[in-house]
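Two complexes, one shared chain (chain A), two partners (chain B, chain C).
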Partner chain A sequence: MQSIYCPYCDAVFDEEDMTFGSAKRRRLLAADSTREDVVDYLFMDANVRGPVEELWYHSFGCRRWFLVTRDTRSNLVLSSRSLEGEGQDG
Partner chain B sequence: MTGKPPLGWASAARPGGIDIGVNHEVARSVHGYSLSTLLRQGLARHPRWTPAWRRASAKTSYDIVIVGGGGHGLATAYYLAKHHGQKNVAVIEASWLGGGNTARNTAIVRSEYASAAHGAFFLASRHLWDGLSRELNFNQMVSTRGVIRLYHSEFEMDATRLHMSEIQANGSDWEFLSDAELRSLEPLMNRNRDTRFPIVGAAIHRKGGIARHDSAAWGYARAASALGVDIIEGCRVTALRTRDGSVVGVDTEQGPVGARAVCLCVVGAATELAATVGIKLPLRAIPLQAMVTEPVKPVLNHVIASATQNFYANQSAKGEIVIGTHQDEYGSFAQIGSQSTLMRSMAGFCEVYPALRNLRLMRHWGGNIDVTPDESPILGLTPIGGLYVDGGFGAGGFKATPAAGLTMAHTIVHRESHPLIASFGLDRFNQGALRPDTSVGAH
Partner chain C sequence: MAETRQRWRLSRGGAIDRGSPIRFTFDGHAYEGYEGDTLASALFANDVFVLGRSWKYHRPRGVMASGVAEPNALVTLLDGDQSVPNLQATMVPLTEGLVAISQNRWPGVRHDWLAGFDLLSRFLPPGFYYKTFNWPRRLWPLYEGVLRRLAGLGQAPRHPQGSSYDQLYAHADILVVGAGVAGLAAARAAASGGARVLLVGQSTIDAPVSAGGPAILKRATMVGCYGSYAAVYEQHPRDDRLGRGGRLHRIRFGQLILATGAIERPLLFDNNDRPGILLASAILQLLQCFAVMPGRRLVVATNNDHAYTTAFAAQEAGCEIAAIVDLRRGGSVALRQAAARRGIRVVAGRTILSAEGKEHVRAVMVAATEGRGASETIACDLVAMSGGWNPSLQLATQAGAILRYDAAREAFVVAGLPEYVQVAGAASGIYDAGEAVRDAEAKGQRAAENSGRSPSLRPTPATTITHGPCNAIAPAMVRRESGRSQKAFIDFQNDVSARDLVIALQEGYVSVEHTKRYTTLGMGLDQGKTSTVHAVQLLGALRARSPGEIGTPRPRPPFVPVPLAAYAGFRQGALLQPFRRTALDGWHKARGALFENAGLWRRPIAYPRPGETLPEAERREARAVRSAVGLFDVSPFGKIEIHGRDSLAFLNRIYANDLSKLAIGRSVYSMMLTEHGRIFDDGIVSRLGDDHYLLSPTSAMADRVPQWLDLWAQTVWPELEVRISTVSDQWAQVALQGPLAREVLRRAGTDVSLEQADFPMMSMRQGLVARLPARLSRASFTGELGFEIAVPASLAPSLCDALMDAGAGHGITPYGLMASNILRLEKGFLIHGAELDGNQTLDDVGLGWMVRKRKTENFIGCRALSLPDLIRKDRRQLVGLLSEPGDEALPLGGLVSRGAEPGPEHPWIGRVVSSGFSVALDHGIALAFVESGRALKGQKIQIFANGKSQVATVSDPVFYDVARERING
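And then the complex of A and B:
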């Protein structure tokens, strides 16, 4: 079972207590976005082969979102950190 | 059965009113496997079997290069040679032939889709499977045993009622089973009402079943090779090459190979290869897991699938129970998958088949599926001239192997999408014309 550290609870939990959200979002769409920007924002995923930063939700715990770095080549979780300092576009 | 006339499976198929030109004529060059050759070779202690396909090394250039030697790539090469006379074709495979996700899937063939575009495409594929063993002179072990879907709530029953007439209108069979029929077809199933998710109903797709994944890869490879296609194994394609907006070849571990047309038939590496020429593909690589138990005497008569219980299962010819899980929640290229997905599917299987819960698992594995935002495949042209893509089938790619190969071969030669795949072009994402089919799920 995947073990994931929750930075808010300061403890390690089973993957089953967590919900995967998505890879870390790009910047929000600007008002003057082109069609290409919108298509990119809606449909294109980074699909990274290697370490990727992702949003996870501690659904059966503190119910807060945080960032997890996971290596998609090995499926291993490398680190977690809180969303502090990420701002609205984080 | 329903009141509809029986489907003319042996006649030429016109799914969705489109003549797909099914032609099960056996290519002369792929004769050779028969009872008489088996007897002759057997009595003489097998002195003269030859390799099923030539081991080719890459020439400096080809008319058409197919990237990926799985079922789809090999089928595309075969139909290019057989239907279009294209002989200067190479299939370039990073590993060994059919050793990627073709080897990792559970080989279900079926065609019950509600959307007209999906219905016509997958029905064409199901037609093609029926004559394929003879055409390729290679036993595809197609077992038309039926696919039974279990429903555990009135909500699921309502959704099925909604889709049933659409599926039938597309030419596929699909009907509810009564409680007595389900008991007689699958007597081992747990029908207690005091389980977490009691079975409240079931439906059957009688033309569904299973085939043999290795046979598909090997059969298409053997036939394509006999028609002159070069099959190059152990040679990874690292990048695509373009000039003035058109493809001119690929870079491989063994050097550059020129081509006037390139077709991507890979899973996992598709986004990376497309990115080498600035093309974005809306794909996420997601693990899909499966496992087999020790062999037992026949106990499962159909393919059994349950969305609520997160599993589908069938019994192989050897007696092993083959169990597939729901796709993982998050992406990975590790080919192992998430244990929580595995445990959820196993719990579901054991609730439906408590009598099988003590069977030992012999193997468990993960493959990769490429999933699109609308969970429909991407087939056809790209903004780069001469570059074509076949991918994004999610968990449903194996059954599409013959139709994907046939339609992609047509598309490459005519530089225009085959009518059966016109709805599945990459440009649908630019147009916001997404093509979901949520009738029964991907497996």
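And then the complex of A and C:
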């Protein structure tokens, strides 16, 4: 069970208040993007071993998406920051 | 007279209160113990050694270990018709009136009719169930029923448990587990910098708590580690006679210190499981904590120094020490001299080959560890054995520890830990108490520093408070024959002997995890606390590998048995699962609705009249909608308002269909796709103003759609000016459906013109209905003329009452989910969870035409639509199915085939996803996904389910009013 800092609420919450999104940052695939680009974006996740920046959603709170850096080896949350880049460690 | 009845109780010493006698019964016999006893210590004091029968061979078994390590002595506590099984007698505090019984014996623990299994043990190798009872195969269920009765542990309670278990949550900067010397020292050091420290221990004794010191949770055992939270089970004393009322704590921590101590290992010899053969530490605990010396003549057998302490203490308590059998030729000279001074005979370089006695040990046969020297039989009534110590690392492993085998200690020790976890004291292989304290203090300080504190503790002076180091250790299995016998038990709880492991290896079970599952080694409640290292050493010896190369099977939570009711906690009966009620819940109930949970919502499925069956009610309600008018609660539909200058641009990127032409006051059925081009949600979009839209996602997706919109608005297009507000709970909504709907609504009174020309299908108006502020839409999920009316949630019952009054003369009928489902099925309308499961494309469901043609505007999922898999010709397409006249409804989930029963040669080509009996057609209808199904229209196919087959005709998915005359009426 993680405790996660929400940069928009400026407070720490239990993981149960949050929803995990993904490590992938979304973008709208261009209508004329190549097969390789489409396949790479849709199916090829990096699946990083180590610190990875993920999108989390404060679903039972401010309903803002923000960025959490989590070490996939230890499952430790290292830091959070807002989409605008403001945040704090752990 | 308690003194005379407690045969083995000493007159002095122990942490028991002789002034507070406690009466209890075991297997129907009354005994007396003292406040401070465990059930195990009180039974020992009363000369009761056989506490149960082993689970496979039904061998008599007694207490072998102490505390959480005990594998044998599992008992059931009774109170009237309530019972709690599988409790360790060493962990059950003695309470007044306690009623305990032994397990896995019939009719009694002393005279078990199944004890003959032990004689057959040669023929009961690992896996014998599957080898022996596999023929004929169809009789296995019968065999299984009998076998389950013969083998096993306690019986599950037959009656519901009282909901007396509680669950709590706590936070700690630093969690210290274990309240021995190391745990206490670590907690004190950790708290010295001001961090919030919680100490969890099994102790029942109040420790003085100083201000700013650690908080202490007593009678508590950490049972599992899940990331950065620990599950801790707290035994709640005196709550009732079954020891119920325990509490399960979930404790979130920043730093974790595990001072979980070490667990002594048995020695391997024939009949090492006989009652009266205990671990040396267990006898020492009986003596020192409970003032019980359960024998007159003791043999101590050890491969290390530590067990000498037990010999000396037992001698001081008046017990004769027949011999100390030391497996080592060397060993501590000082200890041997101390033994000599006490007149104790030490036989070095020898080991026990076997024990004699059945329900109680009578003698041991001792022989040289090597060679073929003469053996000697030593009479005794108690054996203390010590095969070395295992640092107790089950919880550390769960917390992410990596282990290595340490040859000097003959045990697995920690080789690596996550940075927020530390292991202190004996658990880290430090068996000297003084050293353990200093180690724990240093680790407590480090945890405080890791928490951003500055600890200020004066370390405890460097004194040695040793029990005697047990570092000089000899292998426990030196004699080949004693290490490989059928009667030399490694895992006592699961009746796994050394020979079982040899057989498993011969049969090719090389991986230690496979061996565990084949032999049941290290399984069950015990999870290998006393057995794992012996097993790994033996497997290593057999395969000429080091134990480190073999590795340990992974110990699973819970660390000690926890009643399932504690995990359930308050989640029982009505509190089992939370559900959401609509604002009309009471209104439905007052009209006799039957409810079912659909997703998180409690929804009415029908309103059966007295004497009416559920299918009859379903058909009556559906007919009322087709012929007159019905009322249905559609509040669970999502309601999301979109405001802002860029609302249209945003929605056009979210939806696959074009919203540019949507006029104010009009609605359109719309589709959201995933990035993979599959249907994410189908719902209605209405335009309320220039930059004001209302989305109605389906009930199933009402919670996920806002999150999806927020994701794109916040992380991808922050430059768009768009505001997303979920108002699903603010509005209640009912559907008024049927040819008389317009008439009833007019009679209820509204300022909105209901004429077809003013208020056509798929439009939305705001106004008053029955003098209530309302949003009205021409929408229909039934195929009939219909309106959906939304009012502020609290006004919903008033609205429904007004509509019922207005429709009284028109036969207005409230209808539930069952009628709604058959009505929408007749129209081929889609439902999430039936037709839509996240894998369908628009073309699969026949809605490919919805995708906008202008390719200049991109939307989510657009690019994926041209991926090869999405344009395959043989994709499964939505079709209707008509059953043969007179047949019953088609089976839900049935497999579709062109003829032959689906199998390896005849692949099935589709599946029935919705089925019902049409009221309008008086015919079984269904929706199915079938490979290239639209090309099969008019053809007959076969549906297979439950060993039966049925013929059906492929049709259009719309069965009723294909021309849409009624819906537009």
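General remarks:
Convention: the second predicted complex is superposed on the first by the 76 of 90 C-alpha atoms of A that agree within 3 Å, B and C clash if a C-alpha of one lies under 4 Å from a C-alpha of the other, contacts with A are read in each partner's own complex, and residues count from 1 in each chain.
Quick note on the criterion: a contact is a pair of C-beta atoms (placed from the backbone, for glycine too) under 8 Å apart; a residue touches a chain by one contact, two chains touch by 3 or more.
Since we're looking at a predicted model, the values are computed, not measured.
By the touch criterion defined above, A:49 lies against chain B but remains apart from chain C after alignment on the C-alpha atoms of chain A. By the touch criterion stated above, A:40 is placed in contact with chain B alone, chain C being left untouched. Of the two partner chains placed around the shared chain by superposition, chain B and chain C are both touched by A:75. Once chain A of one complex is fitted onto chain A of the other, the partner contacts of A:2 extend to both chain B and chain C. When the two complexes are overlaid on their common chain A, residue A:16 makes contact with chain B while staying clear of chain C. Residues 1-2, 14, 19, 42, 74-75 of chain A touch chain B in one complex and chain C in the other. Of all residues in chain A, those touching chain B in their complex are 1-2, 14-16, 19-20, 23, 35, 39-40, 42-45, 47, 49, 54, 70, 72-75.
Every residue of chain B that touches chain A in the complex is listed here, in rising order: 271-272, 280, 282-285, 329-334, 336-340, 373, 429-430. The residues of chain C lying in touch with chain A in their complex are 171, 226-229, 250, 252, 400, 418-420, 653, 675-676, 706-707, 710-712, 714-716, 718, 855, 858-860, 862-864, 867. Here chain A touches chain C in the complex through residues 1-3, 14, 19, 21, 25-31, 33, 38, 41-42, 55, 57, 59, 63-65, 74-76, 83, going by the rule given at the top.
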